[in-house]
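Questions regarding the structure given below will be posed in turn.
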Amino acid sequence: MIPLNWYLALSAIIFSIGLYGFISQKNGIRILMCVELMLNAANINLVAFSSYNDDMSGQVFALFSIALAACEAAIGFAIMMSVYRMRDSINLDELNLLRW
Amino acid sequence: MVDLMLLAPEIIVALTGLIVLMIGIFMGSSSKNVLGYIATAGCLAALAMVIGNFSASALMFSDTLSVDPLSQFFKLVFLVVALIVSIASIKYTEDNKDTEIFYALVLFATFGMMFVASANDLMVLFVAFELASIATYALAGFEKKNPRSVEAAMKYLLMGALSAALLLMGISFVYGATGTTSIPGIAQNMDVLASNAIGLLAIVLLIAGFGFKIALVPFHMWAPDTYQGSPSVVSALLAAGSKKMAFVAAFKVFIVALLAMQADWRMAFAILAVITMTYGNVVALSQKSVKRMLAYSSIAQAGYISMAFVVLTPMALTGGILYTLAHGFMKAGAFIATAVVVYMVIKEKRDTEIPDHIDNFKGLGKKMPITALCLTVFVFALAGIPPTAGYMSKFILFSSTIQSGMVWLAVIAILNSALSLYYYARLVRYMYAMPHEGEKVSEPVPYVAALLISLVGVMAIGLWPEPFVEIAMQAASVLVGGI
Amino acid sequence: MLPVLSLIVLIPLLFSAFAFLTKTREQARVVALMGTLITLILTLYMYFSFDSSSAAMQFEELASWIPSLGINYHLGVDGVSMPLILLNAIVIPLLILFTWDDVRSTPNRFYGLILAMQGAVIGVFISLDFFLFYVFWELTLIPLFFMVNIWGGPNKRHASIKFFIYTHVASLVMLLGIFGLYFAAWDQTGVANMGIAHLMSQFPMIGSGIARDAIFLALLFGFLVKLPIVPFHSWLPDAYAEAPTAGSVLFILLKIAGYGIFRVILPMLPATGSPDMMITILGLLGSVSIVYGAFLALSQKDLKRMVAYSSVSHMGFVTLGAAGLVTLSISGAMFQQFSHGLIMSIMFMSVGVIQASTGTRIINDLGGLATKMPKLAVIMMLAFMASLGLPGLTGFIAEFMVFTFSYMNVPTFVILALFGVVITAGYHLWAMQRTMFGVYNGKIGKVFDLSNVQTFSMAVIALLVLYFGLNPSPVLDMMITGSNEIVSLMAAMGV
Amino acid sequence: MAYENLAFLIPLLPALAFVITFFVGKKTPYGGGLIPIFAIAASFLISLLITIGLLQNPDQVISQSYHWFAIFNLGILIDPLAAVMLTMVTFVSLLIHIYSVGYMSHDPAKPRYFAETSLFTASMLSLILSDNILQLFISWELVGLCSYLLIGFWYQKPSAASAAKKAFLTTRIGDVMFLAGIIVLFADLFKLVNGIIPEGVYLLRFDEIFSFIPEIAAMNATILGFEVSHLTIITLLFFGGAVGKSGQFPLHVWLPDAMEGPTTVSALIHAATMVTAGVYLVARTFPMFIAAPQSLIIVAYVGAFTALFAATMGIVMNDLKRVLAYSTISQLGYMMLGLGMGAVIGAEAVGVSIFHLVSHAFFKALLFLCAGSVIHAVGTHDMRELGGVAKVMPITAATMVAASLALAGFGIPGTSIGSTGFFSKDPIIENAYLFGEHAGNWFPYIFAIVAALLTSLYIFRLLFMTFAGKPRTNYGGHESPASMTVPLSILGILALVFGAIVVEPFNKFVNSTFVNNFVNMDIPALAEVGNYELVHHAGQEPLLILWMPVIVAVIGLLIAFVIYYQKAIDMSRFVSKDNSVYKLLYNRYYQNEIFTQLFAVKFVYEGLAMAGYHIDRFIDGIVNVISYLIIEAGDSFRKVQTGVIQHYSVAVITGVSLLVILIKLVMEVF
């Protein structure tokens, strides 16, 4: 059986990739994808723990979170659409009307 | 079933949301005003159910939901805020073709918040938390044609998603170390987590996750942008409602579930509370946009409420909990007052980039006396001037820090409180001491009603605080059980 | 029995609301006058049925307010508070008369604020519960803030915010002290109670001397800033000078800080960790304020600022008298509060008239006004003389009692303060000479003397200054009873 | 009906006259002048009756006390000392008021004038009949106020306004010392009774004070390393008050300037009220002074020095009224000197000094009224522009001569022939001689004699320059109306004969002040408290000493005659800007420069007040800088909020990492 730490390491790596992407990317869609990565890293954690704890609730939790991530993505794309309609671009670093 | 009676408020809110959505689809945009009344009625009914069953105590659905004074208190807060927002929105959504969506989202967000309040399991808590969040993401971007609104929604969404990820990560660690997602269960299985380095990481991730919603510095960055860019009624909901949701979640997770690690998280909250209140107040000083100023003020107030985590005595929790209610009234009222001003600016077709710019508040005392008076009371309440709700809750919260000997914290809080007076007083000065432009504007009835409800709330807690203190104490006693 | 204490707070507040709702200046001022007159009648009723030989609280009212925190709605008056209530009740109707003919923006708010202020100030004097006391204490800030902010001078923005925040900080520090006292007493007795008397009696039982000192100093700081005492006075000249005349008079009637010193600070003083040091602080700050305020007044070019600094100088007598720690020095300090309220009201009214009439307050731009404004000259002369401590007027009684009886306890500070007396005379006379006397300065243009209502209101106060200067007993006797009680409380505290 | 019960009316009637004249004076004849005249006349009558009553029975003084406030009282004490003062003040004041009706007839502000003068009189009367030191102080201050109002009567004149202020302020310095004396005294008394004061006992009443003299004298304080008795401190502080009020060096600077008021006011100030208050204060509290000999010596020195110092300036002044002002200062010096001689002759010094006070009141009032008459007629008071006035105004000139003779003190020792001044001034000089003999200290005597020479010189200089010779400029002029000349004549007669008639009974009467039903002082015992012995005045001085004052007065007259009438010596050699002595005198020893310019303006105003101003700016600056810094900090912090979401996320991540590290660190450390 694969040791728990490997899962955790995988999860950490995926999470870090997501985080890196979140910070470095400009395109809104990509950033949204990176968020999905991070959420999924957490899901890996949950499932791994669930399996190692012999407790189903972690997997249930993961299922819920996938559903939620989908919702979030949906609403995210909707907002992206609005942004795109307004400025023909979804480069988020140009999105700074609101500051200071 | 008797148990379902306890869930009646949630059910009413959800059903109202659905009804509004269904009816709205089949209505012409001219007659959609009725939706607002329906939503308001729903909130009122739910509120009545909550008050009627206030001291109920029950566990439901395999112990994943817990109805107790704490949850009832926060439901009260959320419903009051939802009520105020619904009433105010009757005017805001007038002649809008998406009225049903707006109300449905408000009610669903409220529904989510209410579930967070009674969640007894991290899974329920997370799902409800996200429900409320997602609904508010959409609400923030409700003005699809307004670049600021959309930008606000965008930032809110992305930062929200990031923090959700952090939160989920934190929850996963807690789950991993304790083997359960039940909040009381976690409290009983804390040995591994408390002794493991992962415990610290989990706590910080959870703080970051909740801190995002609470708007603790440095997780607050979205808040000023979003509060400023969103429609004012939505800002009211965000500041007065969803922020409180994060508080109740944090109360449950930290004080009930993770009590064994209180040394760590009290430290964290101490640092964050001090930074948050100071930063919020200092930056608010030079804001020109009133909504942005209120946002920073919100951040500062979050800092005060977080003191409850640091002091962690029954009195402090009472104060913190009472503060959430008081802040709900004050902040909701204040944002709605800005909504009235924005309405005025649009009506007068002023050429202004930022409709809530402080210059537009000049002479408000003459132009819109009720709004100005209410806003004055709200900002003075926020500053903690008696006899208002803000003073009463600060009184209990700050005094508890003295009681537990944390004089330094009290001093910092009090200096901050005095500092905040500067920007509040400036706003008041603009309203009363500056000459006004244009004619007197008649204030729309829904806005006035919402403002007056908030005003009554603020003054009632200030003048006759006993019943509110009483229920806040009951709510706190739920948390205190473990201490 | 008539709940007269509740009424004298509620009636001004109620009429304040009425005044806000009025539409015209005529309505507003009539409502305001009615409200204050009813208050005056009630106060006079109270005054005449007041037993000045009894140290007990009279007209007491007690009702539970926030039982879970031990907070009560507890009102009462004794010799310490009665004269101050009387002062407010008398001067404010006259102030309204004084402003009778003034034309200003939003008169409804103006009169509403004056009434609100009256209610709040009287509320402070009659509160026997710390919570209530603090609520009224803070409430007094708001009308003043608006007064300065809406109808103030050119620098009103800075002045109002500075005043507001500065004194608010002080109030909050005081609040911390109240918290400390409250919880210490709670711990000791196991009962939450915010009653002032209860907390005072528990104060000596606090184990740690440092805690006692900290509580004491926190409370003291709150009062000293509000009083104000050098070096915490810098909000005052700006606020007083920028405020409209009515605002300045309201500031003057804000005698809550001195009241706090008598009611709270003195009974606690002997039980502090180091009473000698506290007495030194009080006495030193008092005498320094007297001298410093006098010199600063001398250096001012603006008449109103001069009067403001003279107020700082006068308030030094309050702490100096308090530091005397004997019955009559404390009574003297109380009388100083009373007399200062009357005298400074006329002084500010005079300055207000001069400014309204000539358009300037710069002393050197004035001159020879006495020829054109004889009525003002007479009344202003009387006020100036009272202010510099001329016998036969109230100022002297207070200063003499403070000097004489404080000398027994703090001789050094009294001697220091005596130097201020000559300077005080100096700036008053010099200002008088440059504004009222000499050749009429043609550049001023046409000026008008006092209108009849102005003359009436100022003359009534002037007569009171004279009356109480010749016969101080009607208020002094109750002050003596009150300070006797304070001294016996101190004796009971003295560990 | 016993007139004792009317005593309270003495100050009250003029006070009422003040109120009535002030408010309705305009509507009554003579600008309200009649009201105070009647009031003061009534007061005079009551005083006179009381004095006559007392003369018959000097032991039964009138003493009435009423509770005032706290532990203080108001009361009336009319003993011989007070009685003579009351009578003198009401009398002189009455004459001056009558005279004023004519003198002020052209002034539009008559009601104010008469109101203020009657208040002035009322205050002075209240001062005299106080039975306690507090009431005395209060009246004292009111006297100061009235002098301020009256000197500044013509307030439109900047110089008058300035002089009024100067008078008030300078005397205020003395007043504060007086007040300090009362405070120290009260503190001592309070200590002596252990803070227990029975009902009806008022510590500040003179009888209470005097009964504690030995105890107070036994209390010592160390000041600058010297052991000083409290009694000495208190008496010196009282004397400090007297120095201010009575124009003694160095607080005399206000008096010459006080001439800015109407001449009648000067007469009132210099003769009846105000300046005599200081002398009266010392006389009133004389038992305390007796027990504090050091203070008495200081009183004597200050008095003697002032007498000489003022006389030197009197000889060079060209302004009619200024000469008289310096003369007043000089004569007050004599009075103080006379009191100071109590150190050898005990309480008899009071009689001598008060007699000089009364006689001075008559001839000085006369001098001023004459001067006023001249000024009223010719419109100038510069002597250089006058001359030959006697021809125009014979009555005025005659009375002036009488007054000058009195001032210079002409008379024949050993007989009862002489002017009032002779009988009043000579005993003082003789006592000074006695003092020199016993203490071996001749300064007071030398000063007094030289001053007497100069007195004669300056008054006859004035007389010759003004009344004799030919007019130097072309002035009109006429004799004054009867309302002015009648008082002049009365005073003229008094100045000539009063002394000769009453000197003996007067001294006896006044000397009984301290032994009666109110107080019963054992003066020699008090001297013992002060560690010295009294000498009894036996009139055994050598003949030369008895004649000496008269001789110097004649010399003075001759010099004046030679220089100013015969013009035998050309004065222009001395009277020039190059003569440094003349310059020094003419510029009044540069007092104005030193007191006003250097002390008041440079030191107090530009130095201290402006320093305070800058300190205050600094204190204020601290507050403002703090608020500025906070607002600036806020302004820079808000720039962190860039609006770019990537930055926000960096902040979140940084926050998380920092929190982990911080908590870790803190947990490790603790």
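Per-chain numbering from 1; labels A, B, C and D assigned in written order.
In this text, a contact is a pair of C-beta atoms (placed from the backbone, for glycine too) under 8 Å apart; a residue touches a chain by one contact, two chains touch by 3 or more.
Note that the structure is a prediction, hence the values are computed from the model and not measured.
Student: What chain is most central when centres are computed from CA atoms?
Tutor: The most central chain here turns out to be C.
Student: If I rank A-D and B-C by number of C-beta contact pairs, which comes first?
Tutor: B-C
Student: Any idea how many Å lie between the Cα centroids of chain A and chain D?
Tutor: The computed centroid separation for chain A versus chain D comes out at 96 Å.
Student: Using the average of all C-alpha atoms in each chain as its centre, how far is it in Å between chain B and chain C?
Tutor: Here chain B and chain C have centroids separated by 42 Å.
Student: Let me have the rounded angstrom distance from the C-alpha centre of chain B over to the C-alpha centre of chain D, please.
Tutor: The answer is 77 Å.
Student: Measuring from the mean C-alpha position of chain A to the mean C-alpha position of chain B, what distance in angstrom results?
Tutor: Comparing mean C-alpha positions, chain B is 26 Å from chain A.
Student: Quick one: which residues in chain C touch 2 or more of the other chains?
Tutor: As it turns out, chain C has residues touching two or more other chains at 165.
Student: Please output the residue numbers of chain D that touch at least 2 other chains, ranges allowed.
Tutor: Residues 627, 638, 641, 643, 645, 649 of chain D touch two or more partner chains.
Student: If I count partner chains per residue in chain A, which residues reach a count of at least 2?
Tutor: Expected reply: 22, 31, 92, 95-99.
Student: Between which chains is there touch?
Tutor: Touch list across chains, by label: A-B, A-D, B-C, B-D, C-D.
Student: What residues on chain B touch chain C, complex-wise?
Tutor: 365-366, 380, 385-387, 391, 395-396, 398-399, 402-403, 407, 410-411, 414-415, 417-419, 421-422, 425-426, 428-429, 432-433, 464-466, 469-470, 473
Student: Could you pull out which chain D residues touch chain B in their complex?
Tutor: 627, 630-631, 633-635, 637-638, 641, 643, 645, 647-649, 651-652, 654-656, 659-660, 662-664, 666-667
Student: Considering the complex alone, what residue numbers of chain A touch chain D?
Tutor: Going through chain A, the ones touching chain D are 19, 22-26, 31, 92-93, 95-100.
Student: Okay, in this complex, where on chain D does chain C touch?
Tutor: 68-71, 134, 137-139, 141-142, 145, 148, 152, 155-158, 160-162, 164-165, 168-169, 172-173, 176, 179-180, 182-184, 186-187, 190-191, 600, 604-605, 608-613, 616, 619-620, 622-624, 627
Student: Which of the residues in chain C end up touching chain B in this complex?
Tutor: 65-69, 106, 109, 131, 134-135, 138-139, 141-142, 145-146, 149-150, 156-157, 160-161, 164-165, 168-169, 172-173, 175-176, 179-180, 182-183, 186, 214
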